[in-house]
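Structure provided below as structure tokens; questions to follow.
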Amino acid sequence: MSELGRQIEALLFLSPEPLSLRALAEMTDADATEISGALTELDERHSAVSALEVAEIAGGWALRTRADLAGVCDRLRERPPDDRLSPAALETLAVVAYLEPVSRPEISRLRGVQVDGTVSMLVERGFLQEDGRPEGGGAMRYRTTRTFQERFGLKGSSDLPPIERFELTGPEADALKARLSQAGHMDEDTDVG
Amino acid sequence: MSELGRQIEALLFLSPEPLSLRALAEMTDADATEISGALTELDERHSAVSALEVAEIAGGWALRTRADLAGVCDRLRERPPDDRLSPAALETLAVVAYLEPVSRPEISRLRGVQVDGTVSMLVERGFLQEDGRPEGGGAMRYRTTRTFQERFGLKGSSDLPPIERFELTGPEADALKARLSQAGHMDEDTDVG
Amino acid sequence: MALAQPLQLPVDLDLFQGPFDLLLTLLLREEIDLFELPLADLVEDALGPTPIERWDLSTASELVVLLAALAELKARRLVGEQVDEEPDADALEARERLVARLVAYAPFQRAATWLLERFSANEGTRYRRAPLGLATPAPAPTEDPARLAGALNLLLMAPPEPSLSHLTSREVNMPALLNRLRNALTRGRSVSFEAIVAGKGVLEEAMTLIAALELARRGEATLHQEQAFGDIDITPTRGASA
């Protein structure tokens, strides 16, 4: 492996957070193209047999253990007892991820529920963080964290599918409206009460 | 590389401290002979080209960067840590600076969010310190430190810019206003609303 | 990747996360009969003191208005009334607003499903979290561990036998010296001390002197020295020698 590859491996190993191309370039006195090449080389060397892999994640590059080793890793570092996320938590995360920075009242209005507890829980678990209040005052706004990006395997805060992809299509939205208009007017035959 | 070798690589990679043969054996359900064999195998795989080496150190085994890479590793260590204050930290510091001594529940009520984590972090970073509990019991109160004053270029705890607008209303707000004026941070007749 | 269908949410009252879930279920899963829904319980749960997420009050009230209108329509139909007219204006308005909000919110519900897939897919990977300070690389060695072994080895070595070379290279013993002196005295009237010890070491010289003094003490010889540090004549006592 090249000397630059070795240097990058050492840096990714030591760094407690993902390192950007720029940070890697600064520390190794190499340019971005050379860094990219060395990252590829490093990934190839690891891919064959290693427990580790090179990943682009959360705004930078990191070494991490491969997914198939989760079992033995958990024996070293116990996972938090409840690692799952409720639908409420996932929907709140989705709202923040697409609209950040966004305040609790704004999330509440969109979701139709009060989200104080859910937001606090997500802050506690490190998926959301406070992001200041708007000029002129107002509610604290929130954004997603690097931990969120790591846990969801996102390369950065913009590594989300465009929201348009999730929108109801015109016909879907129309169908919804039509169904609602018909509600209460169900066909007598199907209506068994 | 053997599956056991991969497991051990993952464990050594994740562990912040050296792992004993016994700990490795327990986590992988292998015996000491197998572990030793896998360590040798792992070391051989790394020895040729890697930035990392398997080292027996301080009563256990660890992955670490090789000595010849100390230079680039030092550059990572010397990178200025990102010690900007988060919006949450800044707002919490502001509350404490103007109202000190003040307890976590009080900060929490004013900010409308849980502040335990933020306060702990600010104590750890030396910006806040404990200031005892009130006569008759109650929550621990906090005040800002000399480090805080140095960081913000303040001559003393009363050397804060005056509060010029105060728009909150209600009994709690009145108490808050009284407290701010008593501390000399706000004029009695500051514009309400 | 298949998009989650917000129109196909599971029907499980425990899973209602908010008014929109309920609304969708009501509208789009016709097999749920309005009268089978424990509406009062739902509303109480949603607005009560201990829900995980209390319903937003304005959303909840719009939903209740709509549900009441639907329930009324249905009740009238059940008792055989001909029901052609639309629900009242409040209900219509609530319906419009709810649909608009539902359409606006649907993308986030679908995005949440996408996130859930990512969450599961990335469950296995783990990042190293060792603080930088702990991950000390091996310092470049400045000392050779062989020096440690060398230092200890010095302590563990047996001490060398003390050298006797500076003492004498030959055996020297008093009886042999006495016999040699006696033999010399039988051959002549007197012998010179210096002649006897010529070419001998310091030790042998000293011991020869002691042997001579011993012969004098035993009365076998007399010693005579002309001047200090000069030669010593050793003369056998008459009749003493055998």
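Labels for the chains are A, B and C, by order of writing; each one numbers its residues from 1.
Here is the rule we use: a residue touches a chain if its C-beta (ideal position, glycine included) is under 8 Å from a C-beta of that chain, and two chains touch if they have at least 3 such contacts.
Everything numeric in this text was worked out from a predicted model, so none of it was measured.
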Have a look at which chains touch which and call the overall pattern line, ring, star, complete or other.
complete
Chain centroid nearest the full-protein CA centroid:
B
Farthest chain from chain C by C-alpha centroid distance is chain A
If you average the CA atoms of chain B and of chain C, how many Å lie between those two points?
22
Go ahead and note the Å separation of the Cα centroids belonging to chain A and chain B.
22
Expressed in whole Å, how far the mean CA point of chain A lies from that of chain C is 33
Got the chain A residues that touch at least 2 other chains?
10, 13-15, 63, 65-66, 69, 73, 77
For chain C, give me the residues that contact two or more of the other chains.
126, 128-132, 135, 137
Residues on chain B engaged by chain C in the complex (per definition of touch)
10, 13-17, 53, 55, 64-70, 73, 76-77
For the chain B and chain A complex, residues of the former touching the latter:
1, 6-7, 9-11, 13-15, 19, 26-28, 45, 49-52, 63, 65-66, 69, 72-73, 75-76, 79, 86-88, 90-91, 111-114, 117, 167
Which residues of chain C touch chain B in the complex?
126, 128-141
Spell out the part of chain A that touches chain C in their complex, as residue ranges.
10, 13-16, 53, 55, 62-70, 73, 77, 83, 85-88, 90-91, 93-95, 97-98, 108-115, 117-118, 150-154, 160-161, 163-168, 172-173, 176-177, 179-181, 183-186, 188, 190-191, 193
Sites on chain C touched by chain A in the complex
3, 6-7, 15, 17-20, 26-28, 30, 33, 35, 52-56, 59-60, 69-70, 73-74, 77-78, 83, 87, 95, 98-99, 101-116, 118-119, 121-132, 135, 137
